[in-house]
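Consider the two complexes below, in which chain A is the common component and chain B and chain C are the respective partners.
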Partner chain A sequence: MPDSHPSATKAAAAQRVLGLGVFSPSFRGRDPFLRARPGTTGGAGRGPSAAAKMAAPLVLVLLVAVTVRAVLYRSSLAALISDRVEVASPLNAWKRVVEGLALLDLGVSPYSGDVFHETPLIIYLFHFLVDYAELVFMITDILTAVALYLAIQDYNKVLFKKQKLLIELNKYAPDATELIQTPMEMYYIPLKVALFYLLNPYTVMSCVAKSTCAINNAVIAFFILATIKGSAFLSAIFLAVATYQSLYPLTLFAPALLYLLQRQFIPVKIKNKDFWLYTMQYTGLYLGSLIVIICLSFFLLNSWDFIPSVYGFILSVPDLTPNVGLFWYFFAEMFEHFSLFFVCVFQINVFFYTIPLAVKLKEHPMFFMFVQLAIISIFKSYPTVGDIALYMAFLPLWSHLYQFLRNVFILSCVLIVCSLLFPVLWHLWIYAGSANSNFYYAITLTFNVGQILLISDYFYAYLQREYYLTHGIFLIRKDRTDPMLVLK
Partner chain B sequence: MPVAWLEKTMWNLGLEVYKQTFSRTLPFPDELRERYMVKGTNVYGILRAPRGASTESLVLSVPCSPGQQNNQAVGLMLALASYFRGQIYWAKDIIFLVNEHDLIGMEAWLEAYHDVNVTELHSSGMLGRAGAIQAALSLELSSDVITSFDVALEGLNGQLPNLDLVNLFYSFCQKNNLLCTIQGKLQRSDWDSLPAYLHSLQTLLLMVLKQGSGRPQGDHGLFLRYHIEAITLRGINSFRQYKFDMSTMGATLEGMFRKLNNLLERLHQSYFFYLLPSLSRFVSIGVYMPAFGFLILILVLKALDLWMKLSQCDTEADGQACDGEQSPRMVATEEPKPSLLALVPPLLICQATGLALYFVPILGQEMATQHFPVSESEAVVLTAIAIYVGGLALPHNTHRVLMGSGGDRGWMTLKLVALLYLAMQLGCIALVNFSLGFLLAVTLVPVAAIVQPTGPKYLYAVLLVLVTPAATLLFCLFLHGELLEYPISLLEGWQRFLQAIAEGLLDHHLYGSVVFPFVAIFVYPCWLLLWNVLFWK
Partner chain C sequence: MGEMGMELVKLLLLLGLAEAAVEAEVPRDSLQEELLLSPLPSGDLSATFQFRTRWDSDLQREGVSHYRLFPKALGQLISKYSVCELHLSLTQGFWRTRSWGQPSLQAPAGAELWVWFQDSVSDVDKAWKDLSNILSGIFCASLNFIDSTNTVTPTASFKPLGLANVTDHRFLRYAALPREVVCTENLTPWKKLLPCSSKAGLAVLLKAERLFHSSYHSQAVHVPSWWFSQRSEKKYPQFIIFKTDASCLSVSWELRQTLTVVFDSFASGHGKKDWSLFKIFSRTLTEACPLSSQSKVYVDISSRGQEKELLDVSPAPLSIHEAVVQGDRRTYAVYDLLNPALFNGSRSLNVQLKWKRPQDGLDLPAPVLHAQRYVSGYGLQTGEISTLVYNTHPYRAFPVLLLETVPWYLRLYIHTLSIITKGKENKPSYIHYQPAQDRRQPHLLEMLIQLPANSVTKITIQFERALLKWTEYTPDPNHGFYVSSSVLSSLVPSIIAMKEEEEDLSPLFTSLFPSSDGSSYFVRLYTEPLLVNLPTPDFSMPYNVICLTCTVVAVCYGSFYNLLTRTFQIEEPNRGGLAKRLANIIRKIRGVPPL
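Moving on to the complex of A and B:
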């Protein structure tokens, strides 16, 4: 009897949940491990002892990461890595920072040439810290990882509470219990996130090349931390700093606002007065701090030169040095008089997805944040591998989607192969002269398509899981055949 | 080398003459060529073009070394220089270069000319320059009459010159009725009979072996790195009746230079990736790459297979509900999900062995000579072999210490990693040096695909040892002997093997050849991973 099996399981699962009633005991019963660790079973997550237990591996990871970076700084690979176009873009190359500092010391505006495109705050930061640059970049990476760690820890607590609430309200389908994340599964996620960020070869290379992308990542990580902690004030400030640094984080405004609203239990409805009030507040804070920072920059250099030189440079893409992005080849090939139109098209691409995603992922702002970060790092005008490392750090957070992912094996192979082929094809093109730019661009294209497919795979997996959670796993059509889930 | 005489003679011919001194201490003594601390001088004369602005130039280079070998080339070059001086049609400067200590001198000159320092050569700066070098010919001549010209193409890391340059020379030789060979093999007049195919195959295999070695097969080989198309022309004097004298050779070279002089831009159309079964036929990248792709596909498919099996294990371990017939086949392990951490020690140990193989022979040579009665170069080679063999005994017990007896999942995951790793590195190297990638792929791929800890273990072990890169090298040396119709004995083979390792190391340190580091740091650890898989239980 083909249909007896699912329905029997369904009945059993329903009994399990309904009979036990409360969420946590059912999991205590299911997982013998949890009883051994009282710190992890409490509804709110972990007590201080658990936090201390987790701190040790985190410190270990930090030590390993620092060692790897310190060794690489001292090796001959450092010079090689910092010249790689995949690691250092015209926006964040260390060479250009040094050039800008030299110009500043000479009393010339650093923006007078076409070399320096950092923001004034960065140049003043390194004006004082240039001798300790290696240290600064190592600390930046560590701060990013710790911020992500704390943020994810907090997010897991919130998620746990939310799950509990939904179970008590009977929002989940009775047979979907196995899809619910257990605290046991969530226990190592913050550590894995920190590990993924710190030991990702992309991050390591970016740090060794002293690409200022690491600083942008740190600001974004702090922004995420502040958002998850529910501090609208800090969140707005960090978002303003991130926007000021690289413009594109502007689109993170939407997920952050959604998250904060959700945390305040304010429903997102047009007619709701609280919603508008809160949105206005947050927007005001954000714009206010943005204006303050920009004015500060103006007073530092006493000129508005940095606006065209930083934001104009980002938006109009005049520098077509090859990189891992999609812009350079396209605009190198294009006739000049079309380029304005296509620059607009390409740039809109980054901002375009925010609205549909905001509608679709209204209830899941954290996932929205992740997708938005990925979109920025794929479609921005001067992407580097450091940007990619930031969103890849979030992949362990979605490890519960693993069973719904379709192509993750092939896609990860594609991404790794492309990363390896970048230097090889660059060598063939630039040094050996036997290949040409098409080879390199083909790999860039494959790399980005791989990333896009990976993100959409995660996106569909997320939606699929949410669907199953509310509708149950064992769906049966009216004609008793296995159903196909079509996502719209 | 008679530097002063050369300078004077070139000066008298009306060239701008410069010299460049260089010195280089080898990482260890080169016993084959008997050199350790190399000091030398390159002399070159520039013929300024009457019709150009000195923005482009051509090079005729001639290696000069003491002894009988290659003793006629300088004379021909000087004669050509004196003739070229009288002509008015030159639009590109022509550099006549006499380089000492063959490749080392060439590298020193090229580095100084382009004002870079990629190896650790010390050389005096360069005073005279002509324009950007468009093409170069290197001439080697050991007798005053020749029967044919042999064209050497393979450069550093298997780089090849533009096929147009080769075609140009070949068709010009045909026009002058000059015999022209490649790999020392004359093209047969028929081409569609079986012996002719075999002949072409021999030529092709010789090319693959030479390219795969990553060594420059002549002084031209170093030009290619600087984006300069170049070939080496080697005068051959065999027992053939009909010989050509110096004037024919000179006319041929003059013709080549006039053709290159007329070029409006660099040679850039045509092919850079090709294999030559004969001078008039070539195999293009579009033909040979798919074949290689299929070889790699074996690894990818096998990896996919393992991945499917692993994820099947996953679901079966998770949902215990599935019927009992399947479970005995999938051996249930004590831990249903051994963490990926168990894979870290073997990976780290294998990589560390590879790094040791790369660094220790050179760094440890002093210690080795103090403790053992061997010369430095022997010490280096023997240390390398010792580490290579020692690596086989090292890593394959760690997981047992860590997690008891390894389950099926353990080796499957390790093999999955090893297969993907191998596929990636073979794919990358095949783009840079196809022949090397092909030689490694043909040997490694089938065995890598079948090896597993169950089944006929000793057969697998023997097969795996037979396809280790070192065994491949030995096999290639014998094959090379066979193809040249000069078979070598076992003892000779062993000596050549030692020599080949020493030269591989020297090539890497002197010119930056990637073959040795690639094998030591990437292929060998990957092979060790497979070895590890075999002895997992």
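Moving on to the complex of A and C:
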């Protein structure tokens, strides 16, 4: 933080940052940045030339991503990657999808055994597309990235408007202007998000392994896009599909509802009639589409077998194949009579934080969404790196928090080193026989601690920034000594 | 007068009762005992005992309470659980088909139990569970470990042998325990089922210390029930009775106790193939079991295609019997223990066999059908089960039914199944696959594969090794987990024409699996059981793991709790804690500025 800041410069900075004609239209002429992009928007809607300018790098990123994937599909690494337990869990491994299709061909219900745990929708999808699986997964990844790109672009627009409104209402401290995000900063965020998703090694590996996690991610990305675009109908449908696919996105209901309410300018108040009306509408849409999808699946296979086989499998964690999560070793080492209790305790973690987060982040549903996605990927019963890649794609969106992060360097090192150690320790345990399961377990533990600390660090930074925005950067104690901000 | 009349009535009644009792004592059961001694091509000697107790009464129908030769323990079991057929075998070692030739009746290593229930049984699983527990008590074997995780219901491989008016495979249960160790404590209860126990007859040879000093030991109990024609004493399997007049048939139950031992006297270094009863059993035969109606010793003296007699048996057999057994022409020297002429010269019978000239490696033609199985792959993540099935018949192709039971913790991937014959893919004409359910049900794979003449068929399927809960591992987890033998059933075409044998004359098992016609014979083979290693957790770590993982969850909870419930505030200077205040008092006294 800078020690001092002349107030005159600050005021100028505020107006430069906002770059708007609100305070003085004469500023417009001076700022080339604003001249090029007139209007009040932050990210999108700058006319066809600007959109084309943005589209070119996006296309480039997409091309690079496709090339990388295509090369990996053709290399011998593909088989190696698809066997990795970090990339393919029992829930979404491609091998198991193929097995389910083979069982179907033999006239055996894929749900009669304990190998196949995909939803009937996936069987139906790949029944036709199994020969084009590689193409399907590449397209899925691209669609996810484009959806995220568009969503973030729109979100930036909304955020910018919100900032403007709050400044007009004098909600921000006068000396906090330098914390306000500028359109310049926000301009490349959508591209960075797409880049982070597409070229993240986790996503690439997930795609090369043909883990159906990529499809779940695409559904969630579309859900976020629909939510940000303000379409309650589509948002509810995509949320229902996501829930149907992997159950845990159920918790994303809360941030989506909060975001939609905010977009409709409906205050979240218990006594407000509109709030309840809208909530009921959204809930009804969500539950309705969920029921429709589940009934459709029933008619697809004409049995309810998929319910215990998919959701029962997710909730009761019978398969202890090692993965990057916390469940497998814990339940392998658990005493039999405590097993049920601890399954409940561990499963509740995903759902447990939703309501407190909704209360705390009522005004910031997008950040809530990000935190909830991270919690899902940490505490879900069969996590893979694909799940992690989804919430990591949002990290560029919070790049303005960078200055408030306390130990991001250490945590990134922890995550990178752990990711590299996973295959090493797996090899030592499973193939070389010179290590045992504890080695791999230790790494999963460290990896998860790293993720947890990273998320809480972002959360801390977010709250801190909000505090500074309202209270000003230059806090002064009563006794005129250096200020210290603490959580109380 | 009235009294006299009463007396008379009483007398008549008594007479009538006595007459009825006499009628009841007409034995409707019989015992036949046989011993087959056959030198194996490898130089070892196989001895097969068979005791057949036949009872011409329907255990199911009548309230049977009087048992004579048939063991009561089994009889009651059969009627209580409405069993149609029961087959139990306990085996130590593995029959090496390649070097020992086709076995007369092979059994898989460990324990194997398969039972057909009557179609009147409503809860088959419960009856199966109870039955296996009781059998476990009767035979001192760990059959109580049979549960849903190792029980399957094959659809085609195990057909009822005799009288079973059920062909619906829902009434069949099959289980194998490849880990079961067979020893003396299993032999003793088996011997107790014999009417003469081990006191007389062929059973005197059953001395545990000799029988278990062998490379293969297999004891079995088969309880089939047959339809017998009262006139011709010929038995009919189920499928024939529709053709015959059912009224002249009666039900009879049969208990077959068989015991096969392969003595490795030759392989274990003595280098001599000559043997005598005394040398191998350290006993000789003195008499037949007095309760038996037939008691015979057969010695296989087949010359195996060579012109000259190579063997010399003493004492000289009373009769020679020739038969075609399993596509092979065999000559047997027969000693009938019930024939008093046998014991004329000496008081005991000590059969001896001498080879006239040293054998320099009999080149045994490989059996027409044989198989071998192994696990390939490295590491503890995945693996592959490969089965090689050989058909050495020079010109005939025949189908074989393969049954594979794999425990759930080896997750089979059926889409990786490949069947290759002569470099080409061989598509099975029938396939039944039942995928496993974790901790509930094993994999069951049944296939009908056509084996072309003179070919090797390679069947491979990939699997994934599961990590189990620490309490699910066996006491020595790094020893590995057994996968039970796969079962091959086939009607093998015979190279030599077979003729319908008169059953009572031909030895042993030719009658257990009746051949439908003269051109082929039934063979059931078992492959090697497999030993597969699984990844293991650290068994000493449960507390540590619970603590460490819970700590991580608590770290998450703690940091989120902090962020969620607290708000940012500027830390105001306070007057400090007790220590600071104390320090300031002292400083004040000392005259130093306070902290």
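To be clear about the criterion, the second predicted complex is superposed on the first by the 442 of 488 C-alpha atoms of A that agree within 3 Å, B and C clash if a C-alpha of one lies under 4 Å from a C-alpha of the other, contacts with A are read in each partner's own complex, and residues count from 1 in each chain.
Note that contacts are C-beta pairs under 8 Å (C-beta built on N, C-alpha and C of every residue); 3 or more make two chains touch, one makes a residue touch a chain.
Worth saying up front: this structure is predicted, and the values here are computed from it rather than measured.
Judged by the touch definition given at the top, the superposed model places A:Asn438 against chain C, while chain B stays out of reach. When both complexes are overlaid on chain A, the residue A:Phe409 reaches chain B alone and has no touch with chain C.
Using the contact criterion defined above for the overlaid structures, shared-chain residue A:Gly113 touches chain C, although it does not reach chain B. By the touch criterion defined above, A:Phe346 reaches chain C but does not reach chain B. In the superposition on chain A, A:Gln264 makes contact with neither chain B nor chain C. In the superposed model, A:Gln464 makes contact with chain C only, not with chain B.
Using the contact criterion defined above for the overlaid structures, shared-chain residue A:Asn170 touches neither chain B nor chain C, since it reaches no partner. Residue by residue along chain A, chain B and chain C are tallied for touches, and C comes out ahead.
Of the two partner chains placed around the shared chain by superposition, chain B is the only one that A:Val417 touches, whereas chain C remains out of contact.
Applying the stated touch rule to the two superposed structures, the overlap between the chain B and chain C interfaces on chain A comprises residues 431. Of all residues in chain A, those touching chain C in their complex are 83, 85, 95, 98-99, 101-103, 106, 108, 112-115, 318-322, 326, 328-336, 346, 349, 353, 356-357, 359-360, 378-379, 429-431, 436-438, 441, 445, 448-449, 452-453, 456, 459-460, 463-464, 467, 475, 477-479, 481, 483-488. Only residues 378-382, 408, 411, 413-415, 431, 433-439, 443, 464, 466-471, 535-538, 541-542, 545-546, 548-549, 552-553, 555-556, 559-560, 562-573 of chain C touch chain A when the two sit together in their complex.
Those residues of chain B whose C-beta lies close enough to touch chain A in the complex are 159-160, 224-225, 227, 268, 272-273, 300, 304, 307, 321, 420, 424, 427-428, 431-432. On the side of chain A, the complex with chain B involves touching residues 5, 9, 409, 413, 416-417, 420-421, 424-425, 427-428, 431-435.
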